[in-house]
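Next come two complexes, and both contain chain A; in the first it sits with chain B, in the second with chain C.
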Partner chain A sequence: MTTKTLPLADQDKTACSTPTKSTSTTNACRMCMPLGACLAYTGFERTVPFLHGSQGCATYIRRYLISHFAEPMDIASSSVGEAATVFGGEANLRTGVANVTRVYSPAMIGLASTCLTETIGEDVDSMIRRIAHPTEGLTAQTGQEIPQLVFAPTPSYAGTHADGFHAAVKAVVVEQAVAGETSQKVNLFPGIVSTADLRHLLEISAGYGVEPILMPDYSDRMDGSSAARYDMIPEGGTTADQVAASGSAQASITLGGLVTPGVDLAGEYLAKTFSVPHSHLPMPIGIRLTDEFTDRLSELSGAEMPTWLAKERGRLIDAYIDGHKYGAGRTAIVFGDEDLVVGVASFLAEIGIKPLLVASGGRSGFLASEIARINPDLPDIEVLDDGDFNEIEARAKELKPDLLIGHSKGYATSRRLNIPLVRVGLPIHDRVGGQRLLHLGYRGTQELFDRVINTLIQVRQDESEVGYSYM
Partner chain B sequence: MTEVLAARAGQVIRSGVGTKKAIDCEKQSVAGSVSQRACTFCGSRVVLYPIADAVHLVHGPIGCAVYTWDIRGALSSGPELHRLSFSTDLRERHVVFGGERQLEDSLVELIERHHPAAAFVYATCIVGVIGDDVGAVCRTVSEKYGIPVVPVQSEGFQGSKKQGYDAACEALMTLIGTADTDGISKHSVNILGDFNLAGEIWIITEYLRRMGVEVVANLTGDGRVDDIRRSHGAALNLVQCSGSTTQLAIQMQAKYGIPFKKVSYFGIDDMAAALYAVAEHFKDPEMLERTRELVSGEIAEILPVIEECRRDLEGKRAAIYVGGAFKAISLVKALRLLGMKTVLAGSQTGTPDDYEYLTDLCDEGTVIVDDSNPAELSAFLAEGKADLFVGGVKERPLAYKLGVAFCDHNHERKLPLEGFVGMANFAREVRDSVCSPVWQFAPRHQANAAVKEA
Partner chain C sequence: MKKPELAPTLPAKALAAVDLDAVAAIDLSRPEPGLSMPMNSPDPEALAKTLVRAYPPKVLRKRSRHIKINDPVEIPKIEANTRTAPGIITQRGCCYAGCKGVVLGPITDIVHIVHGPVGCSYYAWMTRRNQADVADEDQNFLNYAFTTDMSENEIIFGGEQKLAQAIQEAYDLFHPKAIAVFSTCPVGLIGDDVHAVARQMKEQLGINIFGFSCEGYKGVSQSAGHHIANNGLFTNVVGTEELPAAEKTNPFRVNMLGEYNIGGDAFEIERMLNRCGIQLISTFSGNVQYSEIARSADANLNLIQCHRSINYMAEMMESKYGIPWLKVNFIGAESTAKSLRKIGRYFGDPDLIARIEVVIAQEMAEVEPVRHQVRSRVNGRPVMLYVGGSRAHHYQALFADMGMPVVSAGYEFAHRDDYEGSAMADTITIDADSRAIEELEIGPDPVRFNPRKTEEELAELEAKGLKMHDYEGMMPEMAQGSLVVDDISHVELEMLIEAHKPALVCSGIKDKYVIEKMGVPCKQLHNYDYGGPYAGFKGAVNFYIEIDRMVNAEVWRLVTPPWAAKKKSA
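Let's turn to the complex of A and B:
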């Protein structure tokens, strides 16, 4: 396999046929920034996510993530009330930090703001300095050892959950990364992927002898085992030492990383600050995009693809061939996070299923150009930026695809239009195991391929008057 | 025993232990306590959202609308507008320049697209801060389309769900009394505080129909705007989920002279008591007779199920943490009927009266808790050796992680738990979870087994 360097997505926004935009949003295809930040923070060891805002934000996000991960998800809140909205929320933040420290004994509190506290102009950075101040801060006041406090600004109106996720990862890296003699380690920024994806990324990296620093890694915490005792902060997550070492890693890889303009990536920060070379790769879904990823690992490690992985790749190609006729001429609509839909659309293209519409609630502005860059042979794909399910469903009625591929929020559309939904991404709250679906690598693609093709086969089988038992 | 934050010390008591003291409640959540509560917006949304022929427009950035999209199984027998999630989806430019224009354009767009009977506009946290005059926009649009466009002052930071309930009741009061009440029977009620989860209100309505009672309006499960507008013509208000709509009942009594009764439809005792209360209110001997027949017939039908489940559940221990304490009271009784002892009874937003009743009702030593959190709840579960946790989505992973059975008594229930048939469903669901063979593998049970062997 040859090594290709992938440039950043084009800076020009490719023209695409976007349906008429509504003023209002109906059935959003995205979540809010604080949700992404909270999820990212759970991927750092002994970290408690903490939202500076009204109590509802933390609770709603907990509820939402619990229905996907089926794991406890504790998010603290400064519980800003009417008085704090008028006079400022610093006292609430201070009390909140003290209480979380007391009950959870965290190593780090991952703070993120909300619409409310951003709009009333809270200067959280300054507040943190005062709370952590050696002589006037909480420690001096209460005798408590205060955990590390990091902060990411995440007002819902400024971006999506994916933006909040990357903002939080960057906040941790800015706080913890230090310079050092360049090591053989590789920083790996996976973006929002499943717990199974995170585990698989570690496995693949290890296969090349690469020691990855996976930031964040919530694979244990958000997919843990049954316990005899309740852990206030479940084990797992990227350690502070690992993040510290990210400043001296030999390279960084960001998977996806399509963010709203104005949001910086941790990989870019490390490149600027510590000159760690940064490559921006699409999510490794499908053979071509997984090859990009494994080629990069090979290049960084000087190692060949491990045998087990080469076999997985071989089996995937074999499976593509075995199943190709079931997908031939079929069509799909793909929706979800920008990074994920780029990968899924490219995967579909390489197995002969045409993605008629690729939709996302994201608004990086690069979705169309990124898909076009990876799939130059697919000229007339519709791409919907900043979309909602009102628009997706309207297009689905017109385009009549054979499949919908996306998260559980597409179920209502799938049901109304009687188009099967293959579930990928987040949230998946109407199936067991959404948190541990594998999407990435040859193995993840294999699982996705089987699910996609079997869905098509089942439709054909169900529609058959004969009821063939071999399809 | 778990450490309760000093600021919360008064919000945890034990029934019957030491000197009797009242629990602290109706307080703002303590910062950093990881409360299970949501916010004012949540309270308003919960109460109003089941009105199925209205547009429910969340005015704010996207999060609040996303997290409340179709999360409750509030069923409708007709239109299902309430199952769509509408948002003005405010962006940075609106925060800077104001969101009134965005609100007005959104309302116009959605009203022309869906032709609703009314629209509710929920103000979220930042709306007041950026200075939008939601009331003025609502008036303009209402005049243009000739339908009620009702502002709901539900900024999240105002407090807990309770303030949101009040804002919702205020919004409802603007609809009530705006339509003709001709032809309403003298034996008529409104059903308040039932949200028709899993079709529960249809069970209650059917009981009332068999008794000879007309239901004028559902507030708000399977609710319709036009019914609500004439609900001041009903002779009696039945108030369930007392936290959410008692305020509305009080206001309707003051303004329209409609008496109300607080009822619960959970469990055999409370369900029967609710129906008898209605029959007694109307002082109609024939209705009372029909009610007796109905109750005895229904109970006879489900008793075998209850008895069968009780055989498996006798002596097991239950923990309860729900939204309102009034529901916890019914649950303690229902669990007792199944032979189960309650070791923890708590709620997010109980009132002093509810808690006092609950404390008296529970066995000695039961933990009574207001506005609790994962740290406390997990400790109480372990300490009370609970076999079952009854709660909502956020409580489920706590229970499961610790190897404790679970019954969803909140948003996500798919089987009706109200009415007599609901009690049978509850019994089966509790048994299915408590008696599942999977627990034998849970570390907690293996640890217990090892202790027993030793």
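Let's turn to the complex of A and C:
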């Protein structure tokens, strides 16, 4: 793989895509930091996410995530009101922790800040110390055992939902990881992926005999089964013991991990603190990127690719062949989280569909260089980061792609321009099953490939005067 | 809204056949009594105690005041509109959500700029909830979410300049009639003066630009945002334009207040009013344009659907322009008929009253067969509703139509008068949270104040059973022994479901999946699960069919509800 040094995405963009970048944002293409943090915390066992700030943040975020996952999701709030903005929100935080503890008996409360508490400069770390204090804390005061309190600072003005996600994962790891004799385990930081993706990552790892520590794993909690009695905190999630063991794992793999400068990744922390070797891989979508991932697993385990997986890989290439005449030479615009669009764009390039524009609301500054690094043969992919749908739609009008690939917020654009939308990522609010779409691995790519190609075929079929029903 | 076609001609024979004396004799003053509790209902006293058992003592005492056993005659006092205890998972949103998301957002041709970091604008981006039918030549920004997208830099150095730039950009891009600016949490904290920026840009650009200090931390719920929205809309828009003389020929001119056109409800209301020959000037604020609201002071009657979110507007318009308000409920076929009759009685015009009767008769002829059929399949099956600031009341009328008793209900963000009725409104204690929201002192307009009815006429109307500026509240229309639960929490909801074994719960997305996991269908009354309209006569038919489909869906045969599971394990 050749690595080229390229200018940062921001500099790159002004040259090629939007000549004048507007000051305001119209129809944003990213969500806020606390949303990502809440989702990440949900992937740790018996953890209740808790936002320190105005209760509206918890409500909006619950509405957004619940609509996507079609699953209950509780997020507590310290319900900071006007008075507390003047006198500080510690009393609210304390009461909130006591109430959540009483009602949920969680093992951990995953705290994250909001714009409000960050703006007034709340020192949450100190508050946590006081709440957990052995003689003056809540336990001393109420006799109630206090769960572990973990905190990630997540003001919306400083980053994206992806940043908040990674910040929360890191906060948990910092709190729980311990040193130990190096094990054969592998830390796997999946980033924001679907519940089906999480399950599949575990399956692939097991195929290599690798015992992965998946951080976080919300595949059960956010995609649960019907239950006569709904548990206040549903089963599932990475356990505290697993996170503790991450400090002595033989290696860490972060999938994606494009974050705004200033946000640290858990994998980096483990490398620095416990010398756990860290590799940064793109999301495994398509043959090439999944190969990178499986090669790494093979290296770490010393095992060959399991037969079933090799067969899946073979079937995927076979499917590429079957479908090439419908896909080759077509064009697409991809939008969504930076980590996801890098994978999707590279997959498209691999099947001959040219990604004309790859757009994200993310602000890592590395989107363009990452895409260029993976796709040196396609030097003229236009990249838009820190972008919004106003910009994406303006470019779509000119570029006239055959497809849009991204989350459901692109539907308005798709409808106005009459370009079909293939739904991937988060949020998918206008279809059932968005939470369990598989994107990763050879199998996930296969499903994505079929959806992409069938969308193209359907357009041709619908437009055809004859209406062929045989290919 | 698009201009409606002329009101259709109704058959002269039917109009002539209306017995006006019989219509005048219909009692419109009485609350409709709720269907009685099912025979095997759990003991309400014990249930109320169970609900709060898990809480720490202080929370237990606080929550107990929000949970009341109903008596429709001797209405018990319920606590409402107080701060949610931190850490108790609530359905409530924030002040910004009430101001931008509920009241102002649906106005189609105002550019709504959210001044703040990106999340708040993103989450209130309305792509489906509020509908509008906008003529091709008119502007429509419903599908847009504009934000200043504040970054760390503005938090530290101030965001006024960025806001001014954003307003300029929105103007250059769209040349809208008006721009509204909404403040999110950090704005008030860093001291940005959105009103000064709005004033300055208004002068500079020559269009109406106004700001709202609706920071999320204000008040105790979205209710504070409704009030702030009412104040701003009243001060900056209402009465700024006059209805053209050609549109003033019909004396039966009304505004529809507190109707946000979720699922197309306003379309159905527009259709009905038009059939009756009633002219709709504006709707606050579903399917409405800026100018319609600007001209709303020329109406002769204000109809209130959602009392909670818009009563301030009705009061202020009455004080300044002399327009009385009438509480209506266009949810439910019977209650729609009753509401239309109230409008007829208010105007007192025999032709109008006859028209309304003919319309009711024609529409009910289409409603009845469906209602009858559905009723045979759902009759007697209990329902619970925990939603909104009015909807938990309004929808009880639809369930009454179908014979489904409401065993428990409550609001998310209503005040005591929405439970107990306007009569007690003056006795509400004003706490610090409510005091923080400005109460405008409105006197009669020196030029435009024109009382549409004299004191004597109003008294006469009251004698005929038509009480103006009065909302009777939810509790008089609920059964004896039903449980009223304000600002319900997740735990309480789950316990109530186990206790009452309802056939259906009406709530919102945040509870929907908990409820459905328990084997009970949940109808969302915020966004209607993409269904609707449910208002008016045609809406009632839609709702009956929808509820029939939901409660009798095949899937419930595969799910064991908690009460059955309990029995199995016992």
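Keep in mind that, in the parts below, the second predicted complex is superposed on the first by the 452 of 471 C-alpha atoms of A that agree within 3 Å, B and C clash if a C-alpha of one lies under 4 Å from a C-alpha of the other, contacts with A are read in each partner's own complex, and residues count from 1 in each chain.
Criterion: a residue touches a chain if its C-beta (ideal position, glycine included) is under 8 Å from a C-beta of that chain, and two chains touch if they have at least 3 such contacts.
Bear in mind the structure is a predicted one, so any value in this text is a computation, not a measurement.
Engineer: When the two structures are laid over each other on chain A, do chain B and chain C clash or fit?
Structural biologist: clash
Engineer: With the two structures laid over each other on chain A, which partner does A:T142 touch: chain B (first), chain C (second), both, or neither?
Structural biologist: Only chain C is touched by A:T142; chain B is not.
Engineer: For A:Y230, select first, second, both or neither according to whether it touches chain B, chain C, the two together, or no partner.
Structural biologist: In the superposed model, A:Y230 contacts both chain B and chain C.
Engineer: Which partner chains sit in contact with A:S77 here, chain B, chain C, both or neither? Use first/second/both/neither.
Structural biologist: Both partners, chain B and chain C.
Engineer: Output check: A:S156 vs chain B and chain C. Expected answer is one of first, second, both, neither. What do you get?
Structural biologist: Both chain B and chain C are touched by A:S156.
Engineer: Once the shared chain is lined up, is A:I120 touching chain B (first), chain C (second), both, or neither of them?
Structural biologist: It touches chain B and chain C both.
Engineer: For chain A, which residues lie in the overlap of the chain B contacts and the chain C contacts?
Structural biologist: Touching chain B and chain C on chain A: residues 22-28, 30-32, 34-35, 50, 53-64, 66-67, 70-72, 74-82, 84-85, 92-93, 95-100, 102-103, 114-116, 119-120, 155-158, 224, 226-230, 232, 409, 412.
Engineer: Hey, which residues of chain A end up touching chain C in the complex?
Structural biologist: That would be residues 22-28, 30-35, 50, 53-64, 66-67, 70-72, 74-85, 92-93, 95-100, 102-103, 114-116, 118-120, 142, 155-158, 224, 226-230, 232, 361, 409, 411-412 of chain A.
Engineer: Under the touch definition given earlier, write down the residues of chain B that touch chain A in their complex.
Structural biologist: The touching residues are 3, 5, 7, 28-42, 57, 60-71, 83-92, 94-95, 102, 105-106, 109-110, 124-126, 129-130, 156-160, 373-375, 378-379, 381-382, 393-394, 396-398, 400-403, 441-444, 446-447.
Engineer: So in the complex, the part of chain A that touches chain B is made up of which residues?
Structural biologist: Interface residues on chain A, with respect to chain B: 22-28, 30-32, 34-35, 50, 53-64, 66-67, 70-82, 84-85, 92-93, 95-100, 102-104, 114-116, 119-120, 155-158, 224, 226-230, 232, 409, 412.
Engineer: Quick one: which bits of chain C touch chain A in the complex? Just the residue numbers, please.
Structural biologist: Checking each residue of chain C against chain A gives 54-56, 59, 83-97, 113, 116-125, 127, 143-152, 154-155, 162, 165-166, 169-170, 184-186, 188-190, 216-222, 432-433, 436, 490-491, 494, 508-514, 517-519, 558-562, 564-565.
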